[in-house]
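Note that chain A is present in both complexes that follow, paired respectively with chain B and with chain C.
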Partner chain A sequence: MRHNFRTWPLLLILSLVSLPLIIMYVFQVVDSFTAPKPGSLIPGAVTFENFRFLWETPDPGRSSIWQVTFNTFVFATSVAVIITSISMTAAYALSRLNFPARGFFLGGLIVLHGFPTVTLIIAIFLILQFLGLYDSLFGVILVKSALELPFGIWIMKGFYDTVPWEIEMAGVQDGASRFTVWRRLVLPQVQPGLSALFVLAFLLGWSEFVLPLVLAPGSDAQVLSTYLAALIADDSKLDFSLYKAVGMFYALPVIFIYLVFQKKLMNIYGGGTKG
Partner chain B sequence: MQLQLKNFTKRFGDLTVIENLDLTVNSGEMIALLGPSGCGKSTTLFAICGIHRMDEGELLFGDREVSDLPSQKRNVGVVFQNYALYPHMSVFENIAFPLTIKKQSASDIERQVNEIAELVYIGELLKRRPAELSGGQQQRVALARALVRKPDFLLLDEPLANLDAKLRLEMRSEIRRIQQETGIAAILVTHDQVEAMSMCDRIALMDAGKIVQFDQPSVLYTDPANKFVASFLGNPPISFIDPIVDSGALMLPGGLSIAIPENISAQSKVQLGIRPESFGPQFGTGLPGKVCFVEMQGREELFDVLLADGSLVRSIQPAGSGINVGAQIDWGVAADNVLMFDQNGARL
Partner chain C sequence: MKRINWLGLGLLAPAFCIVIFFFLAPVILTGFFAFTNMSTSTGVTGGEYVLNQTGLRAIEDKGLPEATLKQLKNAGYRVDAKGLAAMAEQFGENAAAEFAELHGDALFTSRRDMERALKDLRANQIRSTRDRKAAAELFKRSVLNERFATEDEFRAVLIEANINPADHDAIVMQAYSGWVWTKENIELIFTLPSSLRYAMNTLMYVGLTLSFNVLFGLFLAISIFYLPPRTSAIFSTIWFLPRVLPPVLYVLMWKWFTWDTGFIATTLSWVGVAPKNWMLDTSTHAWVVIVLINGFVGASLGMILFSSAIKAIPTSMLHASEVDGASRIQQARYIILPQLRWPILFVTSYQTLSLLTSFEYILLSTDGGPGRATEVWSLAAFHTALNNYGGNLQYGLGAAFAMLLVIIGIIASLTYLRFFNFREMIAKPRIEG
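Presenting the complex of A and B:
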């Protein structure tokens, strides 16, 4: 490809700026596979010792990594399922149906979309406690889904808005009910948005830290982010390499998902316009 | 089947878009709703197919009152301006969609889709997606989908607006052929007079939410009800001049006088409409002026002639007259073909 500007200065600047990040990632990987040598940048011998958490429980008091991973997976998947299924219907209503107080809901969506959710945490805590859902994975799933819903609905509304109005009218003329029109004619056209939203919501759930930390501190509902935090919080025996290995383990699915679904995720930033 | 729209009124909020409109379409007939942009053509069409609710009036299909039926139960086929094909379905699935909704058997569906595809000449395209079709082909698919469930009426909203000039010509006769072969009464919405005149049995000319005249194209052209009809139809358009009324005759600038027919009572002010083909050297002399613009149109030449009183009259002549801009001419008018209007624009 030819450009109307020289590319190497641009590449140089981009490389310099991303260098610290790259160095961090490299050491993250290297350190997790080597024995630490205090005070030296050059890594020691290659070892899998740091990954021993995969087959043994490090301390008696800590849950098994597999239990925690399972929790995280359940958490992220449930959040993704809830957000996608509610956004899929709510966004259609907001985009197409003329119902009372539509303006109010749209406005509310924008406000909540940018709302600093941490400020709500005390109220949420009290509500969960009242409902008996405090310190349960289910409670955190509900809270996380609710907080991310405005984002999902907003994205999906963008996709629905690009579907031509005439397609629905044509469907109705062809004799189909509004529901059939939505399911068979409209939904297939926002499908790229739906799958992107599902992946994104899964990643949001996977990386959530504050909500599980505050709302489910017990060990039964522990997820990978809180597990990791507990590792550093434990001053008694600080093991940076172990910490880095767990970090690797935690980040791998994210990297994998990004690699596989790159194209789909880009859809969201295109606002639903198909390229 | 006959379609009757009686006393139809449509409002959007406080804005009355259509007021007390009456329209009758006879069975097998194709009519045009013609009019300038924003006059309410689409609104009328959408009321007939049930997308818009009617605020007042009633709609009859045959003797069945359908005003309160939802779109799904009205059995009209609609072709939208942008065709509105379902992009994720193949051509076959698009055409079959109305039948699958009716839960017909697969073999029935296949037979009917093939039949209709033959009729609109898209038999070889059934496996493609809409995005892989040309504009004219998409148009044919949209027609096929509208026709496949044998609708009582076919409604077309500016079906040719998105096609290029050559395709438009082709699809004009195609749509007419298909309409006549199926015998389904059709309503064509358009703002293109040529389309309306060439395709339809009758034209309902609309202006600001009212039907101004509803008749055969030739009647609309030669016998317009008022000045709006006269000026809307005809290309190049008709020209108007203001003659002086003097003892039973109209004095044109330049000295030509036209007798006012006896059946028309003398008015203080009359407007004359002269079509381009009624003004030229073949009609003698009497209306002198200066040629201020010449437009070569291939077979014909169009002249804009500036008269002594400053009004402009157009004339269309066979090419090759050799008359250039600036020439002084003295041409005549076919007095029998001039149209007279009173000061409110009503035909005299």
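Presenting the complex of A and C:
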């Protein structure tokens, strides 16, 4: 049926409105690998000079990029591990098990899932001060995991809900306990869901900016997002080529994950979840 | 039966604990903090008692009697019986007796005068400077600029300085450097002209961005639906990337695009327009950029949700309309749009809440500038409590700003409960113990 229509006017409009984004993407990649040429859009010679931050620190005050990358990796991985493992058990309980106040917990989950967490940051800042976890990577990991947990449980519950009851009933018939049924029969069924959640939680941790900025501003716990933001905020020497190179380095895992898990990510985002 | 109960609660326990600590506690504590005057200067833990010149002036303005004020100011070093007794103990009876004869009942306002007076001793000289300092300390009766750890200590000094007991409470209150409970934050928010401005900014931000998100999301979803699969895949990637890329990098690209050495300035310089910063030069520009930055991210959510809803429309309906000679615009208007009522409602309500409370992209791009033209409510809370140029972070006032958003958040999320088909969700599990 589509052949009855001419597609080119639509294509033209769509390309025009997408142009800013396309330009940004293209120059993001091109500028990071070429010498800057002020006042001109035509890129200079190909160079790796913009990536010099990898082997020397841009200025004496800054931490080494590798330390920062390591922090970011620890942060994102820990967040992903905590969210995945806790959601794995909690979501099963909410999806399949009968226990007191189950309706209350489910309602609480929906409320928390919709709740705008960023409004809590001032109270969290003060709580971490009281607990002595302020300015430590560990504190930020805990907070980020806690705030994304309702979202993780929500997604995992969706995956558990699709597992056929018959599998569990058969297991129970054969005399296995509910715990064994969960571990041996149900968990393998939601394996794809677990890996999707892990990847997504990793991405959330990797991209997080406001929490590390507020809760761990010191240089010991710096992550790539705050590193890049601090670099950009330093007005004394504006160097977009350097920023873009750092940005490229920062975005590499994200782009890689996007290319590999594109379908899965779109599905999860499409499930009407956080955005 | 019993065992299942425990298993369910056990599996839920870790999630429950972590949510209580870092989710529910902050919600409740935001309410508490909003009624304190916590700030960088008061600290977040307890405080101490110290009366300095500024404090003195403040209670003077509050109407402290002149006599008491004088007493507070002049209570420097007093050669009284108590001090002499202490001196006799440390430096010998003779020295104390001689000093009493020389300067009995004298008053000195500064330490230097006191030490000079101690030099007047002839028969029982105190030779080393350190000893003289120690001796001077014995006569110190000052209240000003002295730090006291507890209220009792402070009150004891006031009594010692012979200050009218009726004035003690006012002085103690002024001298306390820690935080106290107060309703001032709430009153301040309702009286400051800037909070009205933040509210208007927020309304404008949410209104404009939301309309952009929904309308543009619709446009993207419908046009992608009509394009051949390979072309539509390219466009959905282009529009999905802003959501996947880290915010710092995404905003960096916008900064480059609008900066005075960036894309727009360079392109326009070809036709003779002087380069300028297209993001920050006027508040209108700042608003356009902010709405676009957030809109481009938000449009992808609409695009994904609307796309999947459009795919669910039976193709027979579209085929039939085609046979009847419907144009593409007619198809979109009469077939596709009516099917999208629920997704549109969902995106609208969901994004209203998240736009109302999020400030990440504004913080990274304009930081509320130029001036405070793009300072929205949530960013104002952030700036007040956690990050401002003045350096005095007002946690209490910031929490009061945030409390309003938390209340809106709670109400909105509770209404989510009605959106979801809650009845069906709490359907009893099919395996009973």
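Worth a mention:
Throughout what follows, the second predicted complex is superposed on the first by the 245 of 275 C-alpha atoms of A that agree within 3 Å, B and C clash if a C-alpha of one lies under 4 Å from a C-alpha of the other, contacts with A are read in each partner's own complex, and residues count from 1 in each chain.
Methods note: contacts are C-beta pairs under 8 Å (C-beta built on N, C-alpha and C of every residue); 3 or more make two chains touch, one makes a residue touch a chain.
Quantities reported herein were computed from a predicted structural model and do not represent experimental measurements.
Per the definitions stated earlier, placing chain B and chain C onto a shared chain A by superposition produces no clash, and the two fit side by side. In the overlay built on the shared chain, the residue A:54 is in contact with neither chain B nor chain C.
Of the two partner chains, both chain B and chain C are touched by A:169. In the superposed model, A:243 makes contact with chain C only, not with chain B.
Draw one line from the C-alpha centre of chain A to that of chain B and another to that of chain C; the angle between them is 120°, to the nearest 10.
By the document's definition of touching, neither partner reaches A:29: not chain B, not chain C. Of the two partner chains, chain B is the only one that A:185 touches; chain C does not reach it. Of the two partner chains, chain C is the only one that A:119 touches; chain B does not reach it. After overlaying the two complexes on the shared chain, residue contacts for A:74 are found with neither chain B nor chain C.
More residues of chain A lie in contact with C than with the other chain of the pair chain B and chain C. Of all C-alpha pairs linking chain B and chain C after the chain A fit, the shortest spans 6 Å. In the superposition on the C-alpha atoms of chain A, the part of chain A touched by chain B in one complex and by chain C in the other spans residues 169, 172, 177.
For chain A in complex with chain C, the touching residues are 1-2, 4-5, 7, 10-11, 13-14, 17-18, 20-25, 27-28, 31, 38-41, 82, 86-87, 89-90, 92-94, 96-100, 102-103, 105-107, 110-127, 129-130, 142-143, 145-147, 149-150, 153, 165, 168-169, 172, 177-179, 203, 206-207, 209-210, 214, 224-225, 228-229, 232, 238, 240, 243-244, 247, 250-251, 254, 258, 262, 265-266, 269-270, 272, 275. Partner chain B is touched in their complex by these residues of chain A: 164, 166-167, 169-177, 180, 185, 188-189.
By the touch criterion stated above, chain B contacts chain A in their complex at residues 49-51, 70-72, 76-78, 80-82, 84-88, 97-98, 101-102, 145-146, 149.
By the touch criterion given at the top, residues 3-5, 7-9, 11-12, 14-16, 18-19, 21-23, 25-27, 29-30, 33, 38, 44-45, 216, 220, 223, 226-228, 231, 235-249, 252-257, 259, 261-263, 266-267, 269, 292, 296-298, 300-301, 304-305, 307-308, 318-319, 322, 328, 346, 350-351, 353-354, 356-360, 363-364, 378, 381-382, 385-387, 395, 398-399, 402, 405-406, 409-410, 412-414, 416-417, 420, 422, 425-426, 428-433 of chain C touch chain A in their complex.
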